[in-house]
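Multiple structures are listed underneath, in structure tokens.
After this come two complexes, each holding subunit A, first together with subunit B and then together with subunit C.
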Partner chain A sequence: MEKKGRDAIIERFRHIAENTPEYVRSLKEKGRLSAGYMCTHVPEEILYAAGIVPLRILTSHESQAMTRGYIHETYCSFSHDCAYQGLKGDYDHLDLIVTSSSCIHMGEAFNVWVRFAGFQDKSYLMQYPHIIHTKPAGGFMAESFKQFKEFVEKLTKRSVTDNDLEEAIKVYNHNRRLLKRLWEFLRHDRPPITGPEVAAVTLASQVMDKKECNGMLEQLIERLEAEPGQAAPGVRLMVTGGACDDLGLFDLMEHLRYDTSIIFIDSCTAARYFWFEVPEGRHDKLEALAEGYIGKIPCPAKDTVPGTGEKKRFRFVQQFIEDFKPDGVIFLYQRFCSPQPMDVVALKPIVDKLGIPSTELELDTTVPKAQFQTQLEALVEIIKGVTP
Partner chain B sequence: MSGNVSINKKMDWTKARVIAAGVDIGAATSKALILLDGQPYASSQVTTRPHGESAFDAMKGALEETGLKLENINCIVATGRGGAQATFAHKAVSEIACGAAGAVRIWGPSVRTVLDIGGQSCRVIHCTEKGRATAFLWNDKCAAGIGRSMEAFGDLVGKGLAETAEIALRSDKFPKLSDFCAVYAQSEALDLVRSKMPVEELIAGYYHAVARRISTLVNRLGMKKDFVIIGGLARNPGITGLVEGILKVSSLAPDPEWDPALVPVLGAALYAEGFCKRQGSDA
Partner chain C sequence: MAYNITTWGDVKNYQTNCYRNYLFAPGGLRCMGSTWSPLAPLKGLGDDIHVIGGEPHSASAAGTVPAECREDIIAAETGGLGFHSCSYLKLFVGEVIRDKIAITDKTIKDGYPRPDVIWTTHLCSQHSKWYQEVSRRLGGVPMYAIDMIGGGNAEKDPKIVNYVSDQIEAGIEWLQRVTGREFSDELFVKAVRNEIKVLVLWGNICALNMHSPAPLDERRLIALFPPAVVDRTTDESVRIYEKLLKEVKHMVENGESVAPDQRFRIVYFGIAHTYGHPEMARILRDVGAEIVASVYTFGTCGNFKGIVNGKWTWEPIDPAWVDELDLSTRRKAITELSKIVLGWPTWQGVRSYWALEEMAKAMVAEYKADGLLLAPSRSCETDFRNGYIAMQRIFKNQIPTIEYDTDQVDVRKMDLPGAQRKTELFVHLMEAHKKGGA
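Entry: the complex of A and B
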């Protein structure tokens, strides 16, 4: 019976992750306000403090020829897909769409919603510093967050107090800690949960009301802690790169002709979404939010230390490698994305130096699964040292 | 082993202790190869049709005239894009591992970099002296730099691959064409056809673009000597010559006994033999 409960919770998370518009409609039916966001640099806490449920716009994995007239061909499929869903009317129930000035591809997807999908009067573009590793970045962000808070107050016709913000920060930090505990299971030799399951839960958490999500996460973790581990994980694979919400691809990574397990995913749709906290109990809540968001694992689009060109994300990646001990690394990025594959140029030699074999997979709206499978199996053969 | 069907009639399969076979279901052609105690005995190549059928046809071609039956073969390993559809195979190994193993078997233990240019994909492989793959890079989704794009270009200029290869090597002049996308390159070529550019220059331009694309992939993984080129396009001296020129490295000379398109299937057969031997020693 216990096992059934665990599976049912994971199934519910996966269903929400794969059917976000349905979840938005259910919020509307409950009389809740909801806001879609297109980049994880948007401080969800401000929306949540105002009584709005923030949820990330994820992709539908449908071919979207109709967006070619709105976004340039050589923009990534993630941005095309998000634009497509706006045009298709999947998210007409949203009360607001928000993004931050970070990824230009997602910025154009946002513009499509604003100009052509009926969101002219319910949109907000938040300013975000181009490079976050500078002294003025914190102040810039706090000011930008202040303007966003004022916009949200005007929209909801209510003031957002420090208490509201503190409560939201606590709810979100709790969610981050719970997700971290879930991912920590994958460090074990015999984890009670698989990588694709953890990925599904993490995706769902990005589109759910955080209190509901936290309740489900607590139940899930309680059940997992009581369970013995499952089968030994086989070859341990770590994924690092850009946004990927294709759970089918993660399933494929664990269904090769060799035993494999995903033990970590460093991307803004997985660990980079939650692997940080916002300081609690601070006098200035917006400064606290700015400090928290600056402390995130940086997005490659924002991650250059002026003067040295250092990428701070690499320190995190090296730490994850040390902690989660992958046998192989998969560099995963969207076709036509610039920052993510540019990072691979510098990151791959670091991974090579650690003696960890790697491969690269380039994502599009649909993916060549047979080719990806062969590439992944070839990677595993290299890890296992297969010879005739 | 070369040609569509090849048999070493000096060998007698009834005396072999281990009969192993590989089957490689590529995008353009499907191949089968049989080893008797590690020595090449029979091979066949057929044009790939729906995968399962081609695997069977290729194996049938290799078995024909030998008197051998499928059930006489101790172990069969499948590889290639449609390898999973070879339902009669006992095991499957990736074309990366098979390409490396086959290349080292043919050219010897000095091989470190294998460039495999096939019908639907292009791959660069690093390997050890024992033929174990250690790293690889695969072309992206674009068809530029692979066999299919060369065939499409041949259709555009109305010439076969062998003829275009010869022309490409002969022509000193060549326009710059896109090396980013096969479709862009052919669209540019079509404009040049209409502007009455001599077809020889056009062909040379296209070959240079394809060779640049392939060479970039090799440079990204890194060139380690010795270097060999395998796969269907390794039979095209226009491509291999230009790639060597751009990389400033000569590949080891093709073995006249071996069709380079058969290298991965040889690797698959070597894996099959290895599995047989390990099973034998386990028993």
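Entry: the complex of A and C
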């Protein structure tokens, strides 16, 4: 039976998130230029202002061995899987691949695309600060963005005006606000949408033309606002950690032996992607972009406040805990990732101190569903005080 | 007959004295951070600065008291650090957890000496996180990390040089604030010149291995560079490397070598592992194969000309150039320091695959290599793992090339029998290649 209303919109989002190459081909058929990017520390607005649709390279979770001949096995499965997307040729329609100097593992995935997947002449590696809280970092970023803008202008053979940039900033900010409104539903006791559904929409937003995405988001939010909450209140779970585009894993978290609800996901594939805004109406658009991107929830790889060594992300995590009131926390990270688990070591005592039980899940290309289910149910039992 | 390096005693004493001072000096300022930090700014705070660097300390401790260090690594893992995290980091943090520290004269001191400040860099994704963890475990230590954005041609890119210089300049202000000490530009400039001089001198010493026979082998290179990594800002460190350069030049003039039987010359990419696993070195030594050049021993604390006319070269920089540098203002001194540290070869491949390949191509050609040995370090986030698998793909048709995994200090991660078999195969490949067969 054909789904209608909210379900149809959510299904469309999920289909796009899980079939990105198909979406890229459809853009090509419409005569649109598209650029793949490998890290959220890429100012998509510059590409969008030049008429290019930026799309994040996501993974397919297929078991494969091809990339072992290109990247060392001790790089995370997410980077291997992203490299695989290039090698298997599903993204040949892209006009550009771009990344910033961020996570080293994703840098390796980018290198594979450039050297071995046919993107040698259509790639851009952006210099981007590894510590984003400093004053010099802002100026450095703005200069990097200027160089990137010039590259994009050369690629598209058109100049990118301040008006183009302002328009792109507004479209992107609008998208961020809509996504935020969507996530706010999860604060309710009976939200009209589930955590996995919100995760799917957020993931889709990273691979879509933002105007099209905004249109669909507006329709979805309108419908959700008119609906009463439907999900029974369950144990409220918050996820925090690294990149995870495995929607099946989020489905699993809400399909345990107990009623559970994902109420927040702090990761670069979820809230960290959009939980910031770029100042509008500024004279210098590139400086505005730099200011906006400095304000992002920091990736653990870039999170060191000079002078104290403080991890700024922890402030956000504590604020999210206060606002979304989780009963339990799931630390999620890719196997072989260095910065994420390093943060867990310091974050776990904070969560413990708040009296919130937690567990850790280490991700690989495919996930051990049964083991994860047992682990998650054990967490819920701890929260609920179930005695064996 | 194998030559014995006479400067060795000076090197060993210098290294040990630095560590003993950090452990036992009654006063002064204890400073901690990555090897890859520009050290001269610390020396502007006085002449009683005792430094300890994460990587060199972990490496030398593992080589000196391996059983103790295995306990450190396990303590860090028990404390929550991941099995796949950097093993230098884990060893270092493990000492903090166990509240004891071991140094190169085999002293094991109970009670970890708390640093007054952490002055470090951030390069790989966990570089400064290392010291965040140390600081957290010690209840909070003032910490300043410099973003060493690099890769490729960074030292010649004014945008990057200014960015790093701005951070160092702000860092000096911070150092004054947190230590309450006045900063002496006179001491700073002197330390800058020494720091640059040592880096250039070490580059000159390494470059002498272009000769045949190469005067130094990998194990001696590893043993001789500690002063340059531990504290390269002092007059004594300059004196040691001037003396060593003179001695190695003399060896070349007389055709002498610490390992004179050199049928095969090998270029090596990876962190040192032959001192931890002498079995590996022995396989090579027995057939007259020597590692004559490696990015680790050359580039961790040595500078070369780098990219000239679009191509990388391992040609050395004239030491006299250092004496001519204009360091007349604080900013000028900071800028020269930024350039030299951004030019370290070991940084180039962290963020730039093409630089890594260029360096390998140049090293193979300039050091007349018979084989390329790639040994990615399983837990290293920098270019001691990045790009190596792809490099094998690129070089295998040009020169005998093998790859096996190692780890910087965690012996559990090395597949020794497998690596030995590959090394034997490597020797056969080089033999066949020389005969025109492979």
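The criterion applied here is as follows: the second predicted complex is superposed on the first by the 384 of 388 C-alpha atoms of A that agree within 3 Å, B and C clash if a C-alpha of one lies under 4 Å from a C-alpha of the other, contacts with A are read in each partner's own complex, and residues count from 1 in each chain.
Quick note on the criterion: a residue touches a chain if its C-beta (ideal position, glycine included) is under 8 Å from a C-beta of that chain, and two chains touch if they have at least 3 such contacts.
Please read all numbers here as calculations on a predicted model, not as lab measurements.
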Which superposed partner A:I104 touches (first subunit B, second subunit C, both, neither): second
Touched partner set for A:T74, first subunit B, second subunit C, both or neither: second
Which of subunit B and subunit C A:T387 touches, first, second, both or neither: first
Contacts of A:R335 with subunit B and subunit C, given as first, second, both or neither: both
Touch count on subunit A, higher of subunit B and subunit C: C
First (subunit B), second (subunit C), both or neither touched by A:P357: first
Touching partner for A:K369 - first (subunit B), second (subunit C), both, neither: neither
Which superposed partner A:F140 touches (first subunit B, second subunit C, both, neither): second
Subunit B and subunit C footprints on subunit A, overlapping residues: 335
In the complex, subunit B residues that touch subunit A: 81-82, 84, 92-97, 101, 121, 130-138, 140-141, 267, 270-271, 273-274
Interface residues, subunit C side, partner subunit A - complex: 79-82, 84-86, 118, 122-126, 128-129, 131-133, 135-136, 140-145, 147-149, 151, 159-160, 163, 166-167, 170-171, 174, 178, 350-353, 376, 378-379, 381-382, 385-390, 393
Touching residues (chain side subunit A, partner subunit C) in the complex: 68-72, 74, 101, 103-105, 107-108, 111-112, 114-116, 125, 127-131, 134-137, 139-140, 143-144, 300-301, 304, 306-309, 311, 335-336, 338-339, 341-346, 348
List of subunit A residues in touch with subunit B within their complex: 257, 335, 357, 359-360, 362, 364, 368, 370-371, 374-375, 377-378, 381-382, 385-388
